[in-house]
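Each structure below appears as structure tokens.
Same chain, two partners: chain A is paired with chain B first, then with chain C.
And then the complex of A and B:
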């Protein structure tokens, strides 16, 4: 296996998060009760999504400056994997919200913001599918990707924090997220490794898709 | 009269605080019976299964890469 060490690291970290996430003591909080442990699984999905989208953004910029189609392929595959993570985050969040807020979806700035951000990236995939010429597709989608990234960051990370309306979601509208109120230090010991672990697993899937992509290209053009 | 109302108010406060300070219900039963290990085991098996699958894909891709680069 290529790049054995970081793949192993990802496996070990996620396994640690699964075991530690269920067995470590967590603060007892009303409404959340035991579901506070979802923090170790739901939030890493979003972090992995955002990091993979950052990888895609970098690849798009690299494509624009070099014209290397391999970079364009990397950008689009990174979006595919990040959307997988994003949808997993969305569905786990809906299940969690159904328990804590009583409904899978509220008209919350954070929730609607993430939905819009995901739709922006779905539009990216549709845009790519609608363009036939390779170089044209690469150029247009790379430029779109840069705008999409900015919008995603605004919708997920900025607007929910700026909006005056109260958000139910932690980390927005006056609700703390990573502050001492929500998370104690034992939780952090599981939470951060979980983020790194899931990001590495996502990167692994991305690298596999890229390698398959290279093989395909070689078969097509040689 | 005032004394009485203050007393009632105070007792109401204590009832309210008592409700807040009430113990949050956690799945301590699941833990004490050791059944939580079953959950951890199931999830670990699922994750390891997915990882084994990923590794097998990885190996296959490596094999193809070697074949194609010959």
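And then the complex of A and C:
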């Protein structure tokens, strides 16, 4: 049972978010209506994705300073899990957009940012695939990972402010939403646990993948 | 690393380019024929947006094609030789500076040919020149680092495009925005923000390459 508590917490929080997210009362808003419940499923994915990408960045920096191949494996597995979260976030978002905006994809800064983030990390996986030697692969992909993370952050944080076009997303540009004014306290009671729960589940998947990796590459690490 | 070392390395780049004249002439022909191809497909100026986007896409592809050679052209034995003589910081700085110079020359050449064929709708020339300066150096700096990464995979020509396009997108987005303002002569306070962001990205990427290249250096 030692070290299990956070996994159990993750399960409980995600279950709570699913049950509460579908059953609890939500504020009735124009256009959004019941689709507002997507907040509990869509946004936690992005949080989990960004946290996992940051874990990957930290692992890459640790690899470069220590040369420990297990750190490199952690960086790559964290990217795999964060891409899973990214795709789930993308699909929940597209499903939602289809009902509220009437189209699954528009030219929105947040959508473009996501597309770029996914492209960058798919390129990272391809880069790893094209290198055979473990140490060379670890080094080259760690350098690319750090480089890519910084550029992605620039794209997500700087470019939208520069072009002056607001996102269509609720809470941006005066759209009705779950900003500080619109999200009521019942929603927050589900929203925050959902974020923590999905992040814990993502970390759990990562730790499982790391353990499988450790077994598969036992000879390499010894 | 010192200034003399960087100077010597840049001089070496010039000598190397001079030794392989037909490679450089090949790039020039590539630029001219790509511009001619766009002229042939469009025949006339459609809109300033298209004009602007096409120009930077041509420059992007020229950059990827030219700079992907910068680390791949020299074989591994020769690279080992450099690593014994020079510091990694000196090598990446000299590559970035030299590639910026090459990109500037190519961009101005492409601009000349582009204007000759497709006309010149640019209203704010001085702002456009600033854009060209920032754009070509920025592309050169980003692509130099990506080229160093891509060269480690052993000459896989597509990997350069796969790695660089998503990374370049934020830079290209700001670049095309500023360039469109210059072409249409829009005089907004946003322009100065664009210039700061482009210059800042140049600085960030150069600093990152300077810090990260030593790890990539030898394996």
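FYI, the second predicted complex is superposed on the first by the 200 of 222 C-alpha atoms of A that agree within 3 Å, B and C clash if a C-alpha of one lies under 4 Å from a C-alpha of the other, contacts with A are read in each partner's own complex, and residues count from 1 in each chain.
Throughout what follows, contacts are C-beta pairs under 8 Å (C-beta built on N, C-alpha and C of every residue); 3 or more make two chains touch, one makes a residue touch a chain.
Computed from a prediction, not measured in an experiment: that's the story for all the values here.
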What is the contact status of A:215 with respect to chain B (first) and chain C (second): first, second, both, or neither? first
Quick one: is A:22 in contact with chain B, with chain C, with both, or with neither? Answer first, second, both or neither. first
According to the stated criteria, A:162 is in contact with first (chain B), second (chain C), both, or neither; which is it? second
After the superposition on A, what does A:14 contact: first (chain B), second (chain C), both or neither? first
For A:34, select first, second, both or neither according to whether it touches chain B, chain C, the two together, or no partner. first
Should A:116 be classified as contacting the first partner (chain B), the second (chain C), both, or neither? second
With the two complexes superposed on chain A, say which partner A:131 touches: chain B (first), chain C (second), both, or neither. second
Please indicate which partner A:144 is in contact with in the superposed arrangement: first for chain B, second for chain C, both, or neither. second
Overlap of chain C and chain B interfaces on chain A (superposed complexes): none
In the complex, the residues of chain A that touch chain B are 1-2, 7, 11, 14-15, 18-19, 22-23, 28-30, 33-34, 201, 204-205, 208, 211-212, 214-215, 218-219
Provide the residue numbers of chain A that touch chain C in the complex, in ascending order. 64, 116, 119-120, 123, 126-127, 130-131, 133, 135-136, 139-140, 142-144, 146-148, 150-151, 154-155, 158-159, 162-164
Complex contact set, residues of chain C against chain A: 145, 149, 152-154, 156, 159, 162-163, 165-167, 169-171, 173-174, 177, 190, 193-194, 197, 201, 204-205, 208-209, 212, 215-216, 219
Considering the complex alone, what residue numbers of chain B touch chain A? 23-27, 36, 39-40, 43-44, 47-48, 51, 54-55, 57-59, 61-62, 64-65, 68
